[in-house]
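Chain lettering (A, B and C) follows the sequence in which the chains are written, and residue indices restart at 1 in each chain.
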Amino acid sequence: MADLTELMKNEVFMAFASYATIVLSKMMFMSTATAFYRLTRKVFANPEDCSSFGKGENAKKYLRTDERVERVRRAHLNDLENIVPFLGIGLLYSLSGPDLSTAILHFRLFVGARIYHTIAYLTPLPQPNRGLAFFLGYGVTLSMAYRLLKSRLYL
Amino acid sequence: MADLTELMKNEVFMAFASYATIVLSKMMFMSTATAFYRLTRKVFANPEDCSSFGKGENAKKYLRTDERVERVRRAHLNDLENIVPFLGIGLLYSLSGPDLSTAILHFRLFVGARIYHTIAYLTPLPQPNRGLAFFLGYGVTLSMAYRLLKSRLYL
Amino acid sequence: MADLTELMKNEVFMAFASYATIVLSKMMFMSTATAFYRLTRKVFANPEDCSSFGKGENAKKYLRTDERVERVRRAHLNDLENIVPFLGIGLLYSLSGPDLSTAILHFRLFVGARIYHTIAYLTPLPQPNRGLAFFLGYGVTLSMAYRLLKSRLYL
(Lines give C-alpha, C1' and ligand atoms only; values in the text may rest on other atoms or scores of the structure.)
Protein backbone atom coordinates (compact mmCIF):
# COMPACT_ATOMS: atom_id res chain seq x y z
CA MET A 1 0.00 0.00 0.00
CA ALA A 2 2.90 2.30 0.70
CA ASP A 3 3.59 2.74 -2.99
CA LEU A 4 0.07 3.74 -3.84
CA THR A 5 0.06 6.33 -1.11
CA GLU A 6 3.21 7.64 -2.75
CA LEU A 7 1.50 7.71 -6.13
CA MET A 8 -1.27 9.90 -4.78
CA LYS A 9 1.32 12.26 -3.33
CA ASN A 10 2.63 12.87 -6.84
CA GLU A 11 1.25 16.25 -7.83
CA VAL A 12 1.23 15.73 -11.60
CA PHE A 13 -0.62 12.43 -11.21
CA MET A 14 -3.18 13.97 -8.85
CA ALA A 15 -3.75 16.85 -11.25
CA PHE A 16 -4.23 14.37 -14.10
CA ALA A 17 -6.69 12.38 -11.95
CA SER A 18 -8.74 15.51 -11.25
CA TYR A 19 -8.86 16.79 -14.83
CA ALA A 20 -9.51 13.33 -16.29
CA THR A 21 -12.42 12.83 -13.90
CA ILE A 22 -13.88 16.21 -14.86
CA VAL A 23 -13.63 15.63 -18.60
CA LEU A 24 -15.06 12.09 -18.27
CA SER A 25 -17.97 13.40 -16.19
CA LYS A 26 -18.61 15.99 -18.91
CA MET A 27 -18.64 13.18 -21.48
CA MET A 28 -21.12 11.21 -19.37
CA PHE A 29 -23.38 14.26 -19.39
CA MET A 30 -23.81 13.71 -23.15
CA SER A 31 -25.75 10.49 -22.42
CA THR A 32 -28.17 12.49 -20.28
CA ALA A 33 -28.48 15.11 -23.03
CA THR A 34 -29.30 12.39 -25.58
CA ALA A 35 -31.92 10.88 -23.26
CA PHE A 36 -33.40 14.34 -22.62
CA TYR A 37 -33.83 15.13 -26.33
CA ARG A 38 -35.12 11.62 -27.09
CA LEU A 39 -37.82 11.93 -24.42
CA THR A 40 -38.87 15.54 -25.03
CA ARG A 41 -38.93 15.13 -28.83
CA LYS A 42 -40.22 11.54 -28.75
CA VAL A 43 -37.52 10.22 -31.06
CA PHE A 44 -36.43 6.65 -30.40
CA ALA A 45 -34.15 4.05 -31.94
CA ASN A 46 -35.69 0.93 -30.36
CA PRO A 47 -39.34 -0.22 -30.53
CA GLU A 48 -39.36 -1.18 -26.84
CA ASP A 49 -38.43 2.39 -25.84
CA CYS A 50 -41.63 3.98 -27.12
CA SER A 51 -44.13 1.23 -26.28
CA SER A 52 -45.64 3.44 -23.56
CA PHE A 53 -46.56 6.06 -26.20
CA GLY A 54 -48.65 3.70 -28.28
CA LYS A 55 -48.95 0.18 -29.65
CA GLY A 56 -48.24 -1.34 -33.04
CA GLU A 57 -48.32 1.03 -36.00
CA ASN A 58 -48.95 3.94 -33.68
CA ALA A 59 -45.60 3.40 -31.97
CA LYS A 60 -43.63 3.16 -35.23
CA LYS A 61 -43.89 6.86 -35.91
CA TYR A 62 -41.55 7.48 -32.97
CA LEU A 63 -38.82 5.33 -34.55
CA ARG A 64 -37.14 8.07 -36.51
CA THR A 65 -34.05 10.24 -36.51
CA ASP A 66 -34.06 13.84 -35.40
CA GLU A 67 -31.43 16.44 -36.26
CA ARG A 68 -31.18 17.61 -32.64
CA VAL A 69 -30.62 14.08 -31.29
CA GLU A 70 -28.12 13.25 -34.04
CA ARG A 71 -26.19 16.42 -33.22
CA VAL A 72 -25.82 15.37 -29.57
CA ARG A 73 -24.77 11.88 -30.68
CA ARG A 74 -22.13 13.30 -33.04
CA ALA A 75 -20.79 15.50 -30.22
CA HIS A 76 -20.70 12.44 -27.93
CA LEU A 77 -18.82 10.34 -30.48
CA ASN A 78 -16.36 13.17 -31.10
CA ASP A 79 -15.79 13.31 -27.33
CA LEU A 80 -15.05 9.58 -27.25
CA GLU A 81 -12.66 9.85 -30.20
CA ASN A 82 -10.68 12.61 -28.49
CA ILE A 83 -10.93 11.79 -24.79
CA VAL A 84 -9.71 8.18 -25.20
CA PRO A 85 -6.32 9.32 -26.60
CA PHE A 86 -6.13 12.01 -23.89
CA LEU A 87 -6.71 9.41 -21.16
CA GLY A 88 -4.15 6.95 -22.49
CA ILE A 89 -1.44 9.42 -23.50
CA GLY A 90 -2.15 11.71 -20.52
CA LEU A 91 -1.80 8.88 -17.99
CA LEU A 92 1.53 7.77 -19.41
CA TYR A 93 2.70 11.39 -19.77
CA SER A 94 1.83 12.03 -16.10
CA LEU A 95 3.95 9.06 -15.05
CA SER A 96 6.92 10.18 -17.18
CA GLY A 97 7.86 12.91 -14.71
CA PRO A 98 6.98 16.14 -16.58
CA ASP A 99 7.27 19.62 -15.12
CA LEU A 100 4.21 20.30 -12.92
CA SER A 101 3.21 23.66 -14.41
CA THR A 102 3.67 22.41 -17.99
CA ALA A 103 1.54 19.35 -17.25
CA ILE A 104 -1.24 21.37 -15.62
CA LEU A 105 -1.24 23.77 -18.57
CA HIS A 106 -1.77 20.79 -20.91
CA PHE A 107 -4.61 19.37 -18.80
CA ARG A 108 -6.37 22.74 -18.40
CA LEU A 109 -6.18 23.56 -22.10
CA PHE A 110 -7.55 20.14 -23.03
CA VAL A 111 -10.46 20.20 -20.58
CA GLY A 112 -11.30 23.79 -21.49
CA ALA A 113 -11.14 22.99 -25.22
CA ARG A 114 -13.48 19.98 -24.85
CA ILE A 115 -16.02 21.93 -22.77
CA TYR A 116 -15.99 24.75 -25.32
CA HIS A 117 -16.28 22.17 -28.12
CA THR A 118 -19.47 20.79 -26.55
CA ILE A 119 -20.95 24.28 -26.13
CA ALA A 120 -20.06 25.17 -29.73
CA TYR A 121 -21.55 21.89 -31.01
CA LEU A 122 -24.82 22.01 -29.08
CA THR A 123 -25.64 25.73 -29.35
CA PRO A 124 -24.52 25.60 -32.31
CA LEU A 125 -22.01 28.42 -32.62
CA PRO A 126 -20.85 29.37 -36.14
CA GLN A 127 -17.59 27.88 -37.35
CA PRO A 128 -14.64 28.10 -36.70
CA ASN A 129 -15.57 27.98 -32.99
CA ARG A 130 -15.99 24.20 -32.93
CA GLY A 131 -13.09 23.61 -35.29
CA LEU A 132 -10.67 25.65 -33.17
CA ALA A 133 -11.79 23.91 -29.98
CA PHE A 134 -11.26 20.54 -31.66
CA PHE A 135 -7.77 21.42 -32.91
CA LEU A 136 -6.72 22.88 -29.55
CA GLY A 137 -7.59 19.62 -27.76
CA TYR A 138 -6.00 17.61 -30.58
CA GLY A 139 -2.79 19.66 -30.42
CA VAL A 140 -2.53 19.31 -26.64
CA THR A 141 -2.75 15.50 -26.90
CA LEU A 142 -0.18 15.41 -29.70
CA SER A 143 2.14 17.63 -27.66
CA MET A 144 1.97 15.15 -24.74
CA ALA A 145 2.53 12.22 -27.14
CA TYR A 146 5.56 13.98 -28.63
CA ARG A 147 7.14 14.66 -25.23
CA LEU A 148 6.44 11.08 -24.14
CA LEU A 149 7.95 9.46 -27.23
CA LYS A 150 10.91 11.84 -27.33
CA SER A 151 11.97 11.14 -23.74
CA ARG A 152 10.92 7.52 -23.25
CA LEU A 153 10.73 5.66 -26.54
CA TYR A 154 11.24 1.95 -25.94
CA LEU A 155 10.25 -0.27 -28.87
CA MET B 1 10.36 -3.74 -10.45
CA ALA B 2 9.83 -3.87 -6.70
CA ASP B 3 7.21 -1.14 -6.85
CA LEU B 4 5.13 -2.88 -9.44
CA THR B 5 5.11 -6.04 -7.41
CA GLU B 6 3.78 -3.85 -4.61
CA LEU B 7 1.07 -2.48 -6.90
CA MET B 8 -0.17 -5.97 -7.65
CA LYS B 9 -0.28 -6.72 -3.94
CA ASN B 10 -2.82 -3.92 -3.54
CA GLU B 11 -6.17 -5.66 -3.24
CA VAL B 12 -8.34 -2.81 -4.55
CA PHE B 13 -6.15 -2.45 -7.62
CA MET B 14 -6.20 -6.20 -8.27
CA ALA B 15 -9.98 -6.28 -7.93
CA PHE B 16 -10.24 -3.37 -10.39
CA ALA B 17 -7.91 -5.18 -12.80
CA SER B 18 -10.09 -8.30 -12.68
CA TYR B 19 -13.43 -6.55 -13.14
CA ALA B 20 -12.10 -4.19 -15.81
CA THR B 21 -10.76 -7.16 -17.78
CA ILE B 22 -14.12 -8.94 -17.52
CA VAL B 23 -16.16 -5.95 -18.66
CA LEU B 24 -13.73 -5.21 -21.52
CA SER B 25 -13.89 -8.85 -22.66
CA LYS B 26 -17.68 -8.58 -22.62
CA MET B 27 -17.43 -5.45 -24.78
CA MET B 28 -15.15 -7.28 -27.22
CA PHE B 29 -17.80 -9.97 -27.52
CA MET B 30 -20.02 -7.35 -29.18
CA SER B 31 -17.68 -7.32 -32.20
CA THR B 32 -18.18 -11.06 -32.57
CA ALA B 33 -21.95 -10.63 -32.26
CA THR B 34 -21.92 -7.98 -35.01
CA ALA B 35 -19.84 -10.23 -37.27
CA PHE B 36 -22.18 -13.17 -36.55
CA TYR B 37 -25.32 -11.23 -37.53
CA ARG B 38 -23.64 -9.67 -40.57
CA LEU B 39 -22.64 -13.09 -41.89
CA THR B 40 -25.84 -15.02 -41.06
CA ARG B 41 -28.10 -12.24 -42.37
CA LYS B 42 -25.78 -11.22 -45.22
CA VAL B 43 -25.83 -7.54 -44.33
CA PHE B 44 -22.63 -5.67 -45.07
CA ALA B 45 -21.32 -2.13 -44.95
CA ASN B 46 -18.39 -2.51 -47.36
CA PRO B 47 -18.45 -3.76 -50.98
CA GLU B 48 -15.30 -5.85 -50.46
CA ASP B 49 -16.97 -7.80 -47.61
CA CYS B 50 -19.63 -9.41 -49.76
CA SER B 51 -17.65 -9.96 -52.96
CA SER B 52 -17.73 -13.73 -52.34
CA PHE B 53 -21.55 -13.67 -52.49
CA GLY B 54 -21.72 -12.20 -55.97
CA LYS B 55 -20.23 -9.69 -58.36
CA GLY B 56 -21.27 -6.23 -59.48
CA GLU B 57 -24.99 -5.42 -59.15
CA ASN B 58 -25.59 -8.81 -57.56
CA ALA B 59 -23.34 -7.89 -54.65
CA LYS B 60 -24.94 -4.49 -54.06
CA LYS B 61 -28.08 -5.98 -52.57
CA TYR B 62 -26.04 -7.05 -49.53
CA LEU B 63 -24.98 -3.44 -48.84
CA ARG B 64 -27.89 -2.55 -46.61
CA THR B 65 -28.76 -1.94 -43.00
CA ASP B 66 -30.57 -4.48 -40.87
CA GLU B 67 -32.42 -3.74 -37.63
CA ARG B 68 -30.76 -6.66 -35.85
CA VAL B 69 -27.24 -5.58 -36.80
CA GLU B 70 -27.96 -1.94 -35.95
CA ARG B 71 -29.24 -3.03 -32.54
CA VAL B 72 -25.96 -4.82 -31.75
CA ARG B 73 -24.01 -1.78 -32.98
CA ARG B 74 -26.04 0.56 -30.74
CA ALA B 75 -25.42 -1.74 -27.77
CA HIS B 76 -21.69 -1.76 -28.62
CA LEU B 77 -21.51 2.03 -28.86
CA ASN B 78 -23.41 2.38 -25.57
CA ASP B 79 -20.85 0.04 -24.00
CA LEU B 80 -18.00 2.21 -25.28
CA GLU B 81 -19.67 5.39 -23.99
CA ASN B 82 -20.05 3.91 -20.51
CA ILE B 83 -17.02 1.63 -20.12
CA VAL B 84 -14.49 4.34 -21.07
CA PRO B 85 -15.51 6.57 -18.10
CA PHE B 86 -15.55 3.50 -15.84
CA LEU B 87 -12.00 2.59 -16.89
CA GLY B 88 -10.60 6.07 -16.42
CA ILE B 89 -12.44 7.01 -13.23
CA GLY B 90 -12.21 3.47 -11.80
CA LEU B 91 -8.44 3.31 -12.26
CA LEU B 92 -7.90 6.62 -10.49
CA TYR B 93 -10.45 5.71 -7.81
CA SER B 94 -8.61 2.40 -7.19
CA LEU B 95 -5.37 4.27 -6.66
CA SER B 96 -6.95 6.78 -4.26
CA GLY B 97 -7.04 4.25 -1.42
CA PRO B 98 -10.75 3.49 -1.03
CA ASP B 99 -12.19 0.94 1.39
CA LEU B 100 -11.84 -2.55 -0.16
CA SER B 101 -15.44 -3.71 0.32
CA THR B 102 -16.87 -0.38 -0.93
CA ALA B 103 -14.65 -0.54 -4.01
CA ILE B 104 -15.58 -4.15 -4.81
CA LEU B 105 -19.27 -3.28 -4.41
CA HIS B 106 -18.83 -0.50 -6.99
CA PHE B 107 -17.02 -2.80 -9.45
CA ARG B 108 -19.52 -5.66 -9.07
CA LEU B 109 -22.54 -3.42 -9.52
CA PHE B 110 -21.04 -1.85 -12.63
CA VAL B 111 -20.05 -5.12 -14.29
CA GLY B 112 -23.40 -6.70 -13.40
CA ALA B 113 -25.29 -3.68 -14.72
CA ARG B 114 -23.43 -3.70 -18.04
CA ILE B 115 -23.92 -7.45 -18.57
CA TYR B 116 -27.64 -7.07 -17.81
CA HIS B 117 -27.75 -4.04 -20.13
CA THR B 118 -26.41 -6.15 -22.98
CA ILE B 119 -28.91 -8.96 -22.30
CA ALA B 120 -31.78 -6.43 -22.11
CA TYR B 121 -30.63 -4.74 -25.33
CA LEU B 122 -30.11 -7.88 -27.41
CA THR B 123 -33.10 -9.97 -26.28
CA PRO B 124 -34.77 -7.27 -26.27
CA LEU B 125 -36.44 -7.08 -22.86
CA PRO B 126 -39.20 -4.50 -22.40
CA GLN B 127 -38.29 -1.20 -20.81
CA PRO B 128 -37.39 -0.18 -18.11
CA ASN B 129 -35.00 -3.16 -17.93
CA ARG B 130 -32.38 -1.58 -20.17
CA GLY B 131 -32.94 1.88 -18.75
CA LEU B 132 -32.43 0.74 -15.16
CA ALA B 133 -29.28 -1.21 -16.09
CA PHE B 134 -27.93 1.89 -17.83
CA PHE B 135 -28.64 4.19 -14.88
CA LEU B 136 -27.18 1.74 -12.37
CA GLY B 137 -23.85 1.63 -14.23
CA TYR B 138 -23.99 5.41 -14.75
CA GLY B 139 -24.64 6.02 -11.05
CA VAL B 140 -21.80 3.74 -9.96
CA THR B 141 -19.33 5.65 -12.15
CA LEU B 142 -20.61 9.02 -10.88
CA SER B 143 -20.30 7.76 -7.29
CA MET B 144 -16.63 6.90 -7.87
CA ALA B 145 -16.05 10.27 -9.58
CA TYR B 146 -17.66 12.06 -6.62
CA ARG B 147 -15.51 10.24 -4.04
CA LEU B 148 -12.39 10.87 -6.13
CA LEU B 149 -12.99 14.59 -6.56
CA LYS B 150 -14.11 15.07 -2.97
CA SER B 151 -11.00 13.52 -1.46
CA ARG B 152 -8.33 14.38 -4.01
CA LEU B 153 -9.25 17.46 -6.03
CA TYR B 154 -6.14 19.15 -7.33
CA LEU B 155 -6.70 21.69 -10.08
CA MET C 1 8.16 10.83 -6.68
CA ALA C 2 10.63 8.01 -6.15
CA ASP C 3 8.03 5.37 -7.00
CA LEU C 4 7.13 6.93 -10.29
CA THR C 5 10.74 7.06 -11.31
CA GLU C 6 10.79 3.35 -10.52
CA LEU C 7 7.70 2.80 -12.65
CA MET C 8 9.40 4.37 -15.65
CA LYS C 9 12.41 2.10 -15.11
CA ASN C 10 10.14 -0.91 -15.62
CA GLU C 11 10.85 -2.08 -19.14
CA VAL C 12 7.47 -3.73 -19.83
CA PHE C 13 5.64 -0.62 -18.71
CA MET C 14 7.83 1.62 -20.83
CA ALA C 15 7.31 -0.60 -23.86
CA PHE C 16 3.54 -0.47 -23.27
CA ALA C 17 3.70 3.32 -22.96
CA SER C 18 5.53 3.61 -26.28
CA TYR C 19 3.26 1.26 -28.25
CA ALA C 20 0.08 2.67 -26.70
CA THR C 21 1.15 6.20 -27.66
CA ILE C 22 1.86 5.09 -31.23
CA VAL C 23 -1.45 3.31 -31.70
CA LEU C 24 -3.38 6.21 -30.14
CA SER C 25 -1.60 8.68 -32.43
CA LYS C 26 -2.57 6.50 -35.38
CA MET C 27 -6.19 6.59 -34.18
CA MET C 28 -6.06 10.38 -33.92
CA PHE C 29 -4.91 10.49 -37.54
CA MET C 30 -8.37 9.15 -38.47
CA SER C 31 -9.91 12.47 -37.37
CA THR C 32 -7.61 14.28 -39.79
CA ALA C 33 -8.52 11.83 -42.56
CA THR C 34 -12.24 12.44 -41.95
CA ALA C 35 -11.72 16.21 -42.03
CA PHE C 36 -9.65 15.89 -45.22
CA TYR C 37 -12.34 13.92 -47.08
CA ARG C 38 -15.13 16.16 -45.76
CA LEU C 39 -13.37 19.28 -47.05
CA THR C 40 -12.14 17.94 -50.40
CA ARG C 41 -15.48 16.26 -51.20
CA LYS C 42 -17.62 18.98 -49.58
CA VAL C 43 -19.64 16.54 -47.50
CA PHE C 44 -20.79 17.85 -44.13
CA ALA C 45 -22.95 16.73 -41.23
CA ASN C 46 -23.66 20.15 -39.70
CA PRO C 47 -25.22 23.20 -41.41
CA GLU C 48 -22.71 25.57 -39.74
CA ASP C 49 -19.78 23.66 -41.30
CA CYS C 50 -20.65 24.51 -44.89
CA SER C 51 -21.99 28.05 -44.46
CA SER C 52 -18.92 29.42 -46.23
CA PHE C 53 -19.86 27.45 -49.39
CA GLY C 54 -23.29 29.02 -49.76
CA LYS C 55 -26.35 30.27 -47.93
CA GLY C 56 -29.78 28.76 -47.32
CA GLU C 57 -30.91 26.18 -49.85
CA ASN C 58 -27.57 26.38 -51.61
CA ALA C 59 -25.79 25.12 -48.51
CA LYS C 60 -28.14 22.20 -47.93
CA LYS C 61 -26.75 20.22 -50.84
CA TYR C 62 -23.52 19.75 -48.87
CA LEU C 63 -25.38 18.08 -45.98
CA ARG C 64 -25.16 14.53 -47.26
CA THR C 65 -23.33 11.30 -46.67
CA ASP C 66 -20.50 10.10 -48.83
CA GLU C 67 -19.22 6.54 -49.08
CA ARG C 68 -15.60 7.63 -48.73
CA VAL C 69 -16.27 9.65 -45.57
CA GLU C 70 -18.43 6.89 -44.07
CA ARG C 71 -15.64 4.39 -44.72
CA VAL C 72 -13.14 6.49 -42.73
CA ARG C 73 -15.71 6.89 -39.94
CA ARG C 74 -16.29 3.12 -39.79
CA ALA C 75 -12.53 2.53 -39.62
CA HIS C 76 -12.28 5.12 -36.84
CA LEU C 77 -15.11 3.53 -34.82
CA ASN C 78 -13.55 0.09 -35.28
CA ASP C 79 -10.29 1.52 -33.96
CA LEU C 80 -12.07 2.87 -30.88
CA GLU C 81 -13.82 -0.46 -30.27
CA ASN C 82 -10.51 -2.34 -30.36
CA ILE C 83 -7.99 0.12 -28.96
CA VAL C 84 -10.01 0.82 -25.78
CA PRO C 85 -9.80 -2.86 -24.66
CA PHE C 86 -6.12 -2.93 -25.63
CA LEU C 87 -5.41 0.14 -23.48
CA GLY C 88 -7.28 -1.15 -20.43
CA ILE C 89 -6.19 -4.78 -20.59
CA GLY C 90 -2.68 -3.91 -21.80
CA LEU C 91 -2.07 -1.48 -18.93
CA LEU C 92 -3.12 -4.02 -16.32
CA TYR C 93 -1.21 -6.79 -18.12
CA SER C 94 1.95 -4.63 -18.13
CA LEU C 95 1.67 -4.17 -14.37
CA SER C 96 1.17 -7.89 -13.74
CA GLY C 97 4.84 -8.65 -14.31
CA PRO C 98 4.86 -10.54 -17.62
CA ASP C 99 7.97 -11.71 -19.42
CA LEU C 100 9.48 -8.75 -21.33
CA SER C 101 9.86 -10.45 -24.72
CA THR C 102 6.36 -11.99 -24.55
CA ALA C 103 4.88 -8.60 -23.66
CA ILE C 104 6.70 -6.78 -26.47
CA LEU C 105 5.58 -9.46 -28.94
CA HIS C 106 1.96 -8.80 -27.89
CA PHE C 107 2.32 -5.04 -28.26
CA ARG C 108 4.08 -5.23 -31.63
CA LEU C 109 1.54 -7.64 -33.09
CA PHE C 110 -1.36 -5.47 -31.92
CA VAL C 111 0.07 -2.20 -33.24
CA GLY C 112 1.07 -3.83 -36.53
CA ALA C 113 -2.36 -5.43 -36.91
CA ARG C 114 -4.18 -2.12 -36.31
CA ILE C 115 -1.98 -0.21 -38.76
CA TYR C 116 -2.53 -2.90 -41.39
CA HIS C 117 -6.27 -2.86 -40.59
CA THR C 118 -6.40 0.86 -41.36
CA ILE C 119 -4.49 0.43 -44.63
CA ALA C 120 -6.77 -2.47 -45.64
CA TYR C 121 -9.90 -0.46 -44.74
CA LEU C 122 -8.95 2.79 -46.47
CA THR C 123 -7.35 1.42 -49.66
CA PRO C 124 -9.59 -0.81 -49.64
CA LEU C 125 -7.79 -4.14 -49.99
CA PRO C 126 -9.88 -7.21 -50.81
CA GLN C 127 -10.98 -9.42 -47.95
CA PRO C 128 -9.73 -11.30 -45.95
CA ASN C 129 -6.97 -8.68 -45.45
CA ARG C 130 -9.04 -6.50 -43.13
CA GLY C 131 -10.64 -9.48 -41.43
CA LEU C 132 -7.31 -11.11 -40.61
CA ALA C 133 -5.88 -7.84 -39.29
CA PHE C 134 -8.97 -7.43 -37.08
CA PHE C 135 -8.76 -10.96 -35.68
CA LEU C 136 -5.01 -10.71 -35.04
CA GLY C 137 -5.50 -7.59 -32.91
CA TYR C 138 -8.54 -9.16 -31.24
CA GLY C 139 -6.63 -12.36 -30.45
CA VAL C 140 -3.67 -10.46 -28.99
CA THR C 141 -5.98 -8.56 -26.60
CA LEU C 142 -7.78 -11.76 -25.58
CA SER C 143 -4.42 -13.45 -24.98
CA MET C 144 -3.40 -10.65 -22.59
CA ALA C 145 -6.81 -10.83 -20.86
CA TYR C 146 -6.45 -14.59 -20.43
CA ARG C 147 -2.98 -14.32 -18.90
CA LEU C 148 -4.15 -11.51 -16.62
CA LEU C 149 -7.21 -13.35 -15.34
CA LYS C 150 -5.36 -16.67 -15.00
CA SER C 151 -2.59 -15.28 -12.84
CA ARG C 152 -4.34 -12.51 -10.93
CA LEU C 153 -8.07 -13.12 -10.67
CA TYR C 154 -9.45 -11.36 -7.62
CA LEU C 155 -13.25 -11.06 -7.55
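Operating definition for what follows: contacts are C-beta pairs under 8 Å (C-beta built on N, C-alpha and C of every residue); 3 or more make two chains touch, one makes a residue touch a chain.
None of the values given here were measured: they were computed from a predicted structure.
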| message | Are the interface residues of subunit B and subunit C largely the same numbers on each copy, more than half shared, or largely different? | response | different
| Can you give the rotation angle that fits subunit A onto its twin subunit C by Cα atoms, in degrees and rounded to the nearest 5? | 120
| query | Using the average of all C-alpha atoms in each chain as its centre, how far is it in Å between subunit B and subunit C? | reply | 16
| message | Where in subunit B do residues touch at least two different other chains? | response | 3, 7, 77, 80, 84, 87, 91
| field | Residue ranges of subunit A in contact with subunit C within the complex | value | 3, 6-7, 10, 13, 70-71, 74, 77, 80-82, 84-85, 87-89, 91-92, 95-97, 121, 124-127, 130, 134, 138, 141-142, 145, 148-149, 152-155
| request: Within their complex, state which residues of subunit B touch subunit C. | output: 1-5, 7-8, 11, 14-15, 17-22, 24-25, 27-28, 30-31, 45-49, 51-52, 76-77, 80, 83-84, 87, 91
